[in-house]
Structures are given as structure tokens and as C-alpha cells.
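As C-alpha cells, here come the structures.
Shared chain: chain A. Partners: chain B in the first complex, chain C in the second.
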Partner chain A sequence: MNEIIESVKNLSIGFSSQKGKQISILRNVSTNIKKGETVGIVGESGSGKSTLALAMMGYIKQGLFPLKGECLFKSEDLLKMSSRQLEKIRGRKIAMIPQNAGQALTPNLKIGYQIDEALRLHTDLKKTERDKKISELLNKVRLPSPETMAFRYPHELSGGQQQRVAVAMALAGKPDLLLLDEPTTGLDVTTQAHVLELLRFIAKDTGTSMIYVSHDLGAIAQVSDRIVVMYAGEIVLEGPARKILKEPIHPYTYGLLKSIPKLSLDGLPASMPGSQPQPGSINEGCSFYDRCNLATDHCKKNSPDLEHIKELDTKVRCFNHKELINKNNNLQTSITKKSNNSEAIEVLKLKDVSISYAKQKFFDQLLNKISDQNPTVKDINIDIKKGETIALVGESGSGKSTILKSIAGLLKTKDGQIKFENDRILSSDLKMRNPNDLRAIQLIFQNPDESLNPNHTVEQILSQPLKLYFNLSGEELKKNIIDLLKKVRLGKFYMSRYPRQLSGGEKQRVAVARAFAAKPDIILCDEVTSALDVSVQAAVLNLLQQLKEDLGTTYVFVSHDLAVVRAISDRVAVLYQGRLCEIGPSQNVYKFPSHPYTEVLLGAVLEPDPDIKPKLVAEDIVEEKPPEKGCSFQGRCPRKIGDICNSEVPPWQIGENGNAIRCHINIEELASLQQ
Partner chain B sequence: MLLLILKRIGLGLITLFIVSLITFVGVEVLPGDACTTYLEREAYGAALDACIKRLGLDVPAYERYLDWASNVIRGDFGYSLSGEMPINEVLGPRVKNSLVLASVSILIGIPLAIVLGIITALWRDKLPDIMISTITIFSMTIPEFISATLLILIVAIWLGWLPGIVIIPSDATFYELLSNIILPVVAISMIMTAHMARMVRSSVIQVMASDYVQMAILKGVPYWKMVFKHVLPNALLPAINVVALTIAWLLGGVVVTEVVFNYPGLGRLVIESISNRDLPVVQALAIILASIYVGINLIADLMTLMLNPRLKSLQIRK
Partner chain C sequence: MESNLITENKQKNKLEKAFEILKTMASKPSGLIGLTIVLFHVVLALISPYIAPYDYKAISPNTMLLAPSAEHWFGTDSLGRDVFTRTILGGRTALTVTFFGSLIALLWGGLLGIFCGLVGGKIDDVVMRVVDAFLSIPWILAMLLIVSLLGTSTEVLIPALGFFYGKGIVRVARAATHDVIAKDFIISARARGHSNLSIIWNEIIPNVRDAILVEGAMRWSWMLLGFSSLSFLGFGVSPPTPDWGLMISNARGLMSFAYWSVIAPIVGLSSLIIGINLTADAFAKALGIDRSTKAPV
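Here is the complex of A and B:
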């Protein structure tokens, strides 16, 4: 157990800037991987975690080069090896499981071939033995019908299945060390929990060491024995998983853990100010100085070393870490949010809304209607009150974004009505809406990189809605832009910047400011924090909440992340395959009794706590189409009671605290089943 | 799959039908007709009437169209005006010449383009890439009438190795033809190869940067194996359509080159028949060129469909 298989010594990796200066991405990183252990490397984007992981396979991305140090695998330096020597090690001794298996599998080659390739390269098995081995491997990663799976192409599998194939491929060479680069990011919550469970089983079963790289402390907590925390290219904290997660003694880790929304907590997570420094911008002092609330003048001038603390078995890079020892019992706190439910006026009503993506047939086009018996989204009835935050939750394909688009007028509804203010029917066609309605409903997108025009300055971006809706110009326009920037906590000097000169969080703030520029009544938020790092996510959530409290805006918040939804929303609607399963006040939806699908989702949430294990109650099958009749969740429901689920649409049942559940099982019975 | 092919062929036929209609109508609405063009200043009185009767121009237009179309389907394009020769006899040798020129250029140019494209991509920003890329950019930017004229000047006049213009007797053997077309082939290939090599290069570079290629490297796949199994099939797929367009362009006649070298191909025939107002020939050429484009694009689409597993299963599911 104590045999070291890979050790990184004083590794620095960097690139040459245009001015010929050497800029490091990784700075003086040293760590050891022991046999049979799983090490989690955690950090936000740009912290150098992936660069470190790839260097551990002797792979340096194009444009980067090692500045100093070594990566010793069984006392041989991978960085000095020829590509011939590396081919013998990669896949055979150290194997990689990539982030996005959908893109990491070669599209023109069958699954079986790609696994066979690894077997041919790294074992001496004959053809028939290899064929047997392929189905063994596919079986081991729990793929259905391994015999026929080998003859399929990557695109014919779902995301979770592709990830499993990548695992099978990595296991083919019987490696001593498995490198996992964000292997579950981008998968649905239930799939993610299943894949993690599989990885944990494989680690135990084969005794393989694993390096698990992720930005997600929840996933890291589930698999790791030891955790390495990276910040701005340095290791800032390293130690046993439990110690790191329960008593973090570095202010960055502490802040990071506090900024993660948790299911058990009501209210918003605390945010950390600022963002990670750019590579090359740190000249002296601690790299976390700007964001640290323990920082002193000493920290500004001197950079701390990685100090080993024997009694905690932890290494930490902080002068003031003693202040954090034994005072971490306040990790479980959050900012309480004001809810303004006093005004119970309904501003937006969705009545029997159905939306179909089916192509119009020729005759339907003539009659301007859509004949689809089984539309993507069906029978949505939601009344949204003024000033509330209502969240739509579900996995990919649940129709949550589809509903959002049709509220915005970007997608035509098939049936039903969208009513706005005093029961006035909003046309489902954008061109038919009047300008004031267009102003009143604004949309914030998931990815600010794509929603902000890269050729416009922040000033131009923000002036467009102001000019369009309020005809502002000159000094007044400028004053309004500065006001807006102030609202989203950005300084005046951001006006002349282009989106590419902003960090992810700043970009999303600009997107928020643009939405608020129209002085809207309703803002539709489509996964607005999914592309952001956790510390930035907390800041954006707090900002949204603050703006809502100040201006009384109504939010329709779409997210797949149940913990984020828990933090921000007043009411939650759970969707499966475009049908509502459950709707109610958020504190009640997260309590039992709940719809079996909500139960499955809640069970799969990964908390950054090694003691809370996910509960896997349903298979992570992907259904392509909603069932034609009966309950939408019949295909995966762990509590299915029989034929009635297949034939009849379940009735709404209202629980004691006002959350409505659509299930054939009596609500009291559900409560006792879910105890 | 079969249904899909039939559907595509059907669409192609509709395209051809529309092309034939447009050319027929176009010719019809132009002032003057075949007889006035043919008879020139004698186009009056009895001579004109006799001509109209002889060419069947006195029947209504739609009847003439149907008549013409049914003949075309049978492979008979009617008579040309200028020589009063059957158009088939005018077209025959031209089509053959164009085919020879095009196929030789294709056989040399396309493999060369692919190889050059791959080399420049794999040795990106290194010496082979810099050298080849410089040459390809040059041959792309120099217009063909200049490069062709320069070729004639250097090879035919200064060095005297090859004939400067092409004079092919109608009974020329393939070998005789070959020595005559070397210079036109070089002139055409320079531009075609350069364009395609650039395209292949960027496509290969894009695939080399993909996640699955990084994955193959990290899986321990040896370099050349990775190139042939993981990179090329995916990188060359989008090249098929470009190759198809190039082939269609070549068959349709490379007008400038043909004029410079005095090569009797389809391209020159187009120019000649238009300036002679030889309308039946123009009509015939329009149909033939359209068929070439439709046919080759159809083949390219079907090939992409066949080779790309992603599109294949998408189509079948539909």
C-alpha cells in the first residue's frame, strides 16, 4: 500500500509569451501517488489540474513545455522518454479516462475495434481470446448486451454508455494507474452517480491507483482517499480526503467548500470575492492574497511554502492556517434570503402548454397546425407569482429549456396558452408580441461566451436594450450604463472592454446587466451558472438574489443542479420527459414524500462530504421519447405498481405543505415508503 | 437506404427537367430564331418560310419542347446550325477530349493534393509545410491564363520539349493525345491541387486537434497507426464533396485553359456556340453540363453517406 508508483517532483510547465517571457501554468508541483490509492485533484478552471494530470502521462499539450522538474513513473522520468517508450507505457501502465467520451471516441471506428486496439497494443492475446475479453470488459462496465455493443458506433450510445466504453478501453491494458479527467462532468446527475459508483467498484476490485481530476468537490468526495487542492498552478492544500473536506485549513479550500450549495441547507451559499489570477500576473506574495480574508501585509510580500503539518497529515500553503485549525464547525452555514411572497399576484400563467419539435407535415403547414400525438412537452400548468423565483428542474431532455424558450417566444407552442399580466394571452410567435411585452420578458443564457457579441464592447452590449426600449442617448445613456454596471458590481472602466477581456464570472455579470437593462418583469434564466466555477457561481447566485430583492423581479430559473435550485428558488417544478412530476415550495419538494423521480434525483446528488453517499435507486437508462400513454416516468420508476402506470396518466395529489405530486401511489403511502 | 437513393435520383431528374425548361424558354424568348440566324440577311420571304418549315419552327413551342425533350431522352440532340451537322457528331469528340483531359488531371491532381495536404498538416509549421504551403499559395493566386502562358513560354518555346498548342487530328491515338495534353494538365492541376491540398491540410489539422486523437495518443497507439486509423478517415470525409465539385468543374470544361492551349474540349465549344448563336448546341450543352453536376454530386453525397457511420444510421432511423 505504501509503494509509490508515480511521483511528481518540482514540476513547472509553462509557455513563452509573445514578449518572450516564460509564463508558468504549473509552479513547482510535487506529489506522490501510492499504489492502490485514489487521489483527487481539485481546482477551478485554469488552476492547472488537467495540465498536471496529462503531464503524469508524459503528455504536454501543444504550445506548452516543461520548464523544470520531473514526472517519475516507477523511477523513470516520463518527460524525458521518447514517443516509442511512451507508447509502451500509455494504455498499458497508465491509462486515461477522458472528460467527454462522446468526443474522445473516434467517430468512424466501432466500439469493439477501439477496445480491441488497446488489447492488441498492450496484451499478447489471440483474436478469439480478445473477442472474449471485449465482451468481458463491456460486461464489467455494466453495459447492456455486451455482444452486440461491440458492433456499434460511438454516436449510437448515450453519454453514460460512451463514458463506460471509455472506462472499458482504459481497463483493457490492465494499467497500474488510471487517470480520470473530469470523467463525469457533462453527464446527468443520475448517470454521474452511476459512473462514479462503477469507478469506485473498479478501484476496489482491481487495486488500481487512480488520479481523479475534477472541479466538482462532490464527485471528488465520493471517490478520493487523498485530495490535492490546486490554485493558480500551485498545490495549496494536500491531505486525507476527510480532513480536507471537513476541516479545510487553507482559506481557499474553506471558501470553496462554503460556496457550494448544499441540499441540506436553506438559503444561498457564501461567495468568495474576486477570481483566480491569470498565469504570469503573480509577481510576489501569496497567489490567493487578493481574495483572502485572513491576508496580512506579510502575505503580500512573501509567498508561503507548502508546509507539512504532522499531526493533521496535511500539507498547506498558508502563513495563517493556524487560524483555521479547529474552528471549522461553521462550514454548514448559508446566507438566508428574503422571500417576498406578500404579493400574490400571478404575472405569468402557463395553461395546458404543449410544445412539439415534430416537423410539420405538408398539409399541417397549410393549416398552420402541428399534429403530434406525443409532443416533447405536454400539459404544463404553472402559475408564476410576482416576485417569486420558480425553478424548473430535470435531466437533459426533460423539456425545461424548451418551456423557457416558448415563454420567451422563441418556440411556438402546439397547444395551450401563455398568459401574462391580467390574463392577457401572449402570442407564441415572437413577431406578434408587442414591444412592451418583449421588454418585460428577458432571457439570460447558459454560456456568456456565446451570448455576448465578441465584437462589441460592454458599453455597446448594454446600450442596445437601453436604446431599443427607452430611446436613450448621449449622457443619459452613459449614466444608465454605469448604473447597470454598478448594480452587477462592475466598475465604470469595464465599459470599454470586450467580452474576451473578461473572466467567466464577469461575462455572466454583463449578461445579467443586459437583461436588467430592459427593466423586465420576468427574467428567464437558462442554466445561468452551469458554465461557471463554484466560487463564481455563488457570487452570481447572490447577485441575482440581491437584484430580485431590490427590484422585485420574477425569475424562471432552469437548472439541472438540484442544490443550486434549492439555494435560489422559492418554488420548484420537477419535469421528466416534458411532463410535470411535482411542483411545490422548494423546502417541501426537497422533503419526503416526493415523486419517485424527485426521489431518484435527490438520491443521486453528490455532496462534498465523504459521509453522504448517493443512493442509486433507478437505472440510468436514457429514454428517447416520452411514453405515449400513462405516467411519464413508467420506464425507470423504482416504485412502479403495475399496469395502471402504463395506461393511465397519474392524478395530482396535494401534500400537507402544498406540494403537488403526480403519482398513482397514494401520497401517505409514498411518505411511509420513503421514510 | 434504397429509398433514399431513389429519392435523390428523382430529385436529380427534376433538376434536369427544370434546367431543360429554363434553357428552352430562354432560347425561345430571345429575339430571332434559328432561321434568322442561319439565313442572316436573306432571312425573308420564301427562303425564310422554307427554313421555318424545314426546321419545324411553325408548330407551337410546347410541341417543339416535347419533341425535343423526347429526342434528348433517346440521346438525339438534333442538328447544329453552323455546320448542319448532327449535334451528336459535334459533341462526341469534344466530350471525349474533355474526358481525357479531366481524367488525367484527376488521376494526377487528386492523389497529389491529398498527399501534399497530409504532409503539410502533419509537419505543420515545419520545413515541409512551409515549402509546400508557399508553393500552393503561389499557384493558387496566379491566374491560369498567366501560368498557362508562362508554361508555354518556358517549356514549349525556350526548351522546345513539348508542343505549345494542341493540334489533335480526329483519329489521334491515345498516346499522341497524351503528349499533347501534358501542358494543359499541368496548368489545370496547379490550381486544382493547390486548392484541394489547402483544404485537406486544414481538415487534417482540425482532426489532429480533436479529443479522440489525443485519446488515441494517450492510449498508446503508435503515431502512423493513429494517423491512418483515427485521423485520415475522419479528415478526408469532408474532402469528398470538394473533390466532386472539382471533377464536375473539370468535365464541364476549363474554358480559359482550353482557349490558351487551343484545346478542343467542351469549354471552348460552349464559348464558340454562344458566339455563333448556335442555339441547339447551347441547349444540348446546358443539359449535358447540368447532368454532369447532378450526377457527380449525387455520387459524392451517396459516398459520404456510405462512409460516415453517423449519417448512415441517422438516415436509416428516419
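Here is the complex of A and C:
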């Protein structure tokens, strides 16, 4: 068990800047991978975790080159090997599972053929043996009906199934080391939990060593034996998973764990100030100095070494780690309590809203008849109170973003009404809305890279709504822009910057500022934190909460992340296939009894705690279309009671906690079942 | 005071950016050669009336078809006119006509393309089918028709060439617009209630400008060839105005024994076309590189 199969020694990887300066992305990294061990490499984007993982299979991205050090796989340096030699190792000895299996599989070749290809390359089996091996592999990754699966094309599989095929292909050559680069990042919560469970099983079953790269401490916590924490190209903390997650003795990891929203806590997590330094901008001293609250003058001038602490079996790169050893019992506290300042006035009402993506047929258009009887989103009734934060939660395809687009007027509703202030009906056509209504409802998007015009400066971006709604110009415009930047905690020197010169968190702040420029009543937030790093996510959530408290804005918050929703929202609406399942005050939705779908979702949430294992109840199959009759969740429901679920739409039941559940099972019975 | 600083800073950035692009273009041999050729032709076109050694239309039977000599550097043509004089003057009309022609092509093609890309739907369908129909007409036949109806003055040639070379730009501009139209910043502008015009001006043009400019530069060199072909066929510039296409056409029968009167205009025309092509390529590359290698500050 203690045999080291790969060891990285003093590895530095970097690139040459345009001025000919050498800039390192990885700095002096050393670590060992033992046989049969799963090592999680965790870090924010730009921390060098993928570069390290790829170097471990002898691959260095174009433009980068090794500056010093070596990567020894069974005492041979991978970085010095010719591509011929590497070919023999890759696939047979070291295999990789990519982030997006949907893109890694060839779209026009059958699954079986692609696995066969891997077998032909990496084994010496004969055709009949290979065929047997294919179904064996498909069985091992627990794909349904392996016989027919081999004859399917990648697009006929769901995202989770595609990822399983990628795992099967990687296992074809019986590798000693398996490299996983964010293998579950693009997947739905329930699917993610299933894939992780499979990986854990395979690691145990085959004794393969794994390197699991992710930004998600929740996923890392589920699979890893040991964790390596990267920051700005250095290893800052390395040790047994339990120790790292429960008693982190590096201030970065400590702050990171505190900034992750957790299901068990009601309120916003503490945020970490600042952002990770860019490669090349790190001078002398500790790279975490700017963001560290333990930092002393000593840290500014001297950079700490990776120190081995015997009693904890941990390596840490910090001078002041001893201060954290005793502090760790309060990992769960220091949470900003959110205040609910919602009033009784209803500001926005969705009444029987249905939305269909289907195009009207020509004859139906003539007869003014609506043909689609089974629309993507159906019968949504939500009343949104002034000043509250209501969250729409669900997996991809649940229609949560679709509803948001309809409220914004970007998508026409098929049926139903959207009523704004004093029961005035808002037109579902953007062009028919009056400018003041447009001003009152603003959108913030998921990815600030896409939502900010890359050819505009921050000043130009923020002046758009100010010019449009308030006709500002000259000095007054400038003053307003500076005020807005101040509101989102950015200095006025940001005005002349382009989005590409900003970090992810700064970009999202600019997007928030743009939404607030309109002095809106309602802000629609579409997955606003899911493209951000964890430490930045908490800061943006805190900012949104602060602005809401100051300005009394109402948020409609769409997210797939139940922990984030728990942290920020006052009320939660759970959606499945475009139908409401459950709605209620957030602290109650997270308690039992809940709708079986909510139960499934809650069970699949990954927490950065090795003691909390996800509960897998429903199968991770995909449904492309909502069912025509009955309950929307009938296809996957673990508590299905029979034909009534398939034929009748379940009634609303209101629990004593105030949450409404749409299920055929009696609410008290549901409570006792879920205990 | 400080706000002034910011605006000044911004303007400087724009100039700097243009300079940076030029520098990137000149940093590779092909770009440097292209820029030099184009610059040479433009300067020549500007100063040639003042440096021409002879009168371009002076006919003299005594100096017919003389070989190159110290007196007549590129020899003389069949009417005894100095070929050097006519060659350095011969690019002026072609350059002017095609420059303004491609500007017109760029404007109408670019704007219509952006408009179609943004509006989409039935308007887009109809406009694009009309453009396709025009694309299927051989341009030279259509040009001959226009020229024979309206004459060969530059007032006719510039808009006519501009129209025929703008069709391709419509497609490019529409495709470039399609790339940005689905981006969230456009959706965001729509949701705020900006007018289509404001969206085109503020959000789309800054993002498709580069692609359209590069396409326009490529069209310029094609148009130059097209214009010279018209002159060659006798439908471009009318004699005795010196023009490369016309000179080639007049002297082609004498090529076997008076090669000099053909070679000079051919070199002039092809070097300009190659120069513009190289410049356009370097321009495209400079813009592309500019976008991808800009490390975050």
C-alpha cells in the first residue's frame, strides 16, 4: 500500500512573457502519489491544479515549458520522455478522464467501437475477448443494459452516462493511475453524486490510484484519501483528507472552508477578501499575504517553506499555522445573519404561467389555437413579496431560467399572466412594455464574461442604463458611475478598464452595478455565482445581500446549488420539468416533510465534510419531456405509490411549517416516511 | 481634474491601440512588405503629377515604341508616349475609384448584414435571398450593362463597384453578428429596452468591426482587379487617361517585340494587389493576436 507510483520533485512550469521574462505557473511543487490512493488536488481557477495534473501524465500545455524539477512515474521522468515512450504509458499505465465527456467522445462513432478502440490500443486481446471485455466494462461502470449500450451513439446518452463511458474507456487499459480533471463539474447535482459514488467504488475495487482535480471541496471530500491544496502555483497545504477538511491549518484553506455555504446553516457564509494574485505578479514574501488575516510583517518579506508537521501528518506553507490549530472548532460559525425585510405587499405575481418553446403550426396560427398541450413550463403560480429573495431551484431542464426570461420579457408566455405592482398585467412582449417597467426589472447573468461587452470599458458599460433611463450625461453621469462602483466596492480607477483586465469576481461586481444602475425594484439573478470561485462566490452573495438591505430590492434568484440558495433566500420554489413541486420559507423547505424531489436533491448535495455522505435515492436517468399526465416527477420518484401518480396531477398540501407540497402522499405520512 | 485625466487616458489608449496594431502588422516580414508596397503606391499616386518627366498625353510619331533608355526609362508606347510617366500616373484612378468603391461596399454591406443578423426572421430571409440572387449574376456582365447605360464616369463606377462588391460583405457581417447576438450582453441590452439602433451602434459594431474591416480590405484588392479588367475591356477609364488596365489592353498586341509597354503596368497592378492582400492578411492576424494574447493586467 505504501509503494509510491508517481512522485513530483521540485517541479516548476512556466511561460515566457512578451518581454522575455520567465513567469512560472507552478512553483517548486513536490508530492507523491501512493499505490491505491486517491489524491484530491483542489484550488481556485488559475492556481495551477490542472497544469500539475497534466504534467503528471507528461503533458505540458502549448506555450508552457518545464523550468526545473521532474515528474517520476515508477522512477522514470515523464517530462524527459519522447512522445513514442509516452504513448506506451498513457492509456496503459496512466489514463485520464476529461471534464466534459460529451465533447471528449467522438459524436459519430458508437460507444462500443470507441471502447474497442481503447482496448485495441492498450491491450493484446483478440476480437472475441475484446467484445466480452466491452460489456464487462460497461457493467462495471453500471450503465443500464450494457448489450444495447454498446450500439448507441454518444448523443443518445445523458451527461452522466457519457461520463460513465469515459470512465469505462479509461479503465480499458487497466491503468495504475487515473487522472480526473473536474469530472463532475458540468453535471447535475444528483448525477454528480452518482458518478462520484461510482469512482469511489472503482478505486476500492481495482486498487487504482486516482488524482482528482477539482475546485469543488464537496466533491473532493467524497472521494479523496489525501488532499493537496494549491494556491497561486504552490502547494500550501497537504495532508489526510479528514485533517484538511476538519482542521485546516492554513489560513487560505480555513477561509475557503468558511466561505462555502452549507445546508445546515441558515445565513450567509463569511467571505474572504481579495483575489488570487496573477502569475508573474508574485514578488517576495508569502503569496497569500494580501488576503491573510494572520499575516505579519515577517510574511511580507519572507516566503514560507512547506513545513512538515509530524503530529498532524500534514505539510503546511505558513509561518503562523499554530494560531489556527486551536481555532478550528469555530469553523462552522462567524456567519453573517441575513435579515428579512420583506413587506406584505406583493410586487410581482405569476398567475398560471405556461411557457412553450414549440413553434405554432401554420393552421393553428390561422385558427389562433395553441397546439402544444404539454408546454415546457406549466401552471406556475408564485406571488413575490416586496423586499424578499425568492429562489427557484432545480436541475437543468427544470425551467427555472425559462421562467426568469419570461419575467424579463425575453420569452413570450403561452398562457397566464405576469402581474406587476397593483395587479397591473405586464405584457409578455418586451416591445409592448413601457420604459419604466423595463427599468424596474433588471437581470444579472451567470457568466460575466458573456454579459459584459468585451469592447467596452467599465465606464461605457455602466453608462448604458444611466443614459437610457435617466438621460444623464457629462459630470453627473460620471458621478453616478463612481457612486455605483463604490456601492459594489470597486474604486473609480476601474472606470477605464476593459472586462478582460478584471478578475471573475470584479466582472460580476460590474454586472451587479449595471443592474443596480437602473434603480430597479426587482432583480432577476440567473445562476450569478456558479461561474465564480468559491471564495469569490461568498463575497458576491454578501454584496447582493448588503445591497438588498440598503435599497430594499426584491431578488428572484435562480440556482441549481441548494446550499447557495439556503444561504441567500427567504423563500424557495422547487421546480421539476417546468412544474412546481414545492414552495415555502427556505428554512422549512430544507426540513422534512418535503416533496420527494426536494428530498432527492437534498440527499445529493455534496458537503465539504467526509462524514456527510450523499444519500442516493433516485436513479440518475434523464427525462427529455415532461409527462403529459399526472405528477411531473413520476418517472424518477422513489416514493411513487402507483397509477394515481401517472394519471392525476397531485394536489397542493400545506404543511404545518408553511411549505406547500404537491404530492399524492399525505403530508403527515410523507413526514414519517422521511424520518 | 481627475475625470479629465481619465478621458485623456482613454483617447491615448485608442491611438496607442492603432499604433500597436500597426506595429504588430509590421513585425512579420509579410506584413512589413505589404505595408511598404501599399504606402509606396499611395505616396506615388499623390506625388506622381509633380514628378512625371513627360506629358502623359503627348503623342509623337518620332518616339514610337522606343526601348527603355536613359531618356525614357520604361521606353515608349505605340503612340510615342513615355511609359514611365503613364505607369506612375496609371494607378491614380484605379486607387481612388476602388478605395471609395470599397468604402461604399463596406458601409452598405456591413450595415445591412448587421441589421439582418440582429432582426432575423422573415426580413432576414427575404433580404438574404435577394443578396443570394445578386451573387448568382456574373458581376462583369452586370457592370457592362450599367456602364453601357450610364457611361463610364467615376460617378457611375464608384457606386456600381461598391454595390457589386458589397454583397459578400453582407454575408460576412451577418455571420459575425450572429456570433455575438446570442451573447448575454446583447440580451441584457434588449431586456433593458434599448432600441435596435442603439444595440447595433453600442453593442454589435464594436464587436464585429474588426471582421468587417478585414473583409473590406480583401474586397479592395478584388475590386482593383475587377476595375482593371473593366478598363482592359474598354469599359473603365476612357483614353487618353493613363490607366494600367487600359495600358495592358492597348499594348498586348505588341507584346512580342515591345514587351516594355506591357510589363510596367502589369508590375504596377499586381504589386498593388499583392501589397493590399498582404496588408489585409497582416491586419487580420494583428487583430486576432491582439485579442488572444492580451494577458490580464
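In the analysis below, the second predicted complex is superposed on the first by the 661 of 675 C-alpha atoms of A that agree within 3 Å, B and C clash if a C-alpha of one lies under 4 Å from a C-alpha of the other, contacts with A are read in each partner's own complex, and residues count from 1 in each chain.
The definition used in the following text is that contacts are C-beta pairs under 8 Å (C-beta built on N, C-alpha and C of every residue); 3 or more make two chains touch, one makes a residue touch a chain.
This structure is a prediction, so every number in the text was calculated from the model and none was measured.
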Side-by-side fit of chain B and chain C on chain A, or clash: fit
Touched partner set for A:Glu421, first chain B, second chain C, both or neither: neither
Contacts of A:Asp225 with chain B and chain C, given as first, second, both or neither: neither
Computed vertex angle (chain A) for partners chain B and chain C, CA, steps of 10°: 30
Which of chain B and chain C A:Glu197 touches, first, second, both or neither: neither
Larger contact residue set on chain A - chain B or chain C: C
Partner chain(s) touched by A:Tyr59 [first = chain B, second = chain C, both, neither]: first
Touching partner for A:Glu549 - first (chain B), second (chain C), both, neither: neither
First (chain B), second (chain C), both or neither touched by A:Leu468: second
Gap in Å between nearest CA atoms once chain C and chain B share a frame through chain A: 5
Chain A positions touched by chain B in one structure and by chain C in the second: none
Of all residues in chain C, those that touch chain A in their complex: 2-3, 6, 9-10, 13, 183-185, 187-194, 198, 202-203, 206-207, 293-297
Touching residues on chain B, where the partner in the complex is chain A: 209-223, 229-230, 233-234, 237, 307-310, 313
Of chain A, residues touching chain C in the complex: 17-18, 278, 408-410, 430, 433, 435, 438-439, 441-443, 445-447, 450-457, 459-460, 464-465, 468-469, 475, 478, 492, 495-497, 500-503, 514, 518
Complex interface listing, chain A residues touching chain B: 54, 57, 59, 62, 83, 86-92, 95-96, 98-100, 103-109, 117-118, 121-122, 153, 155-156, 166, 169, 173
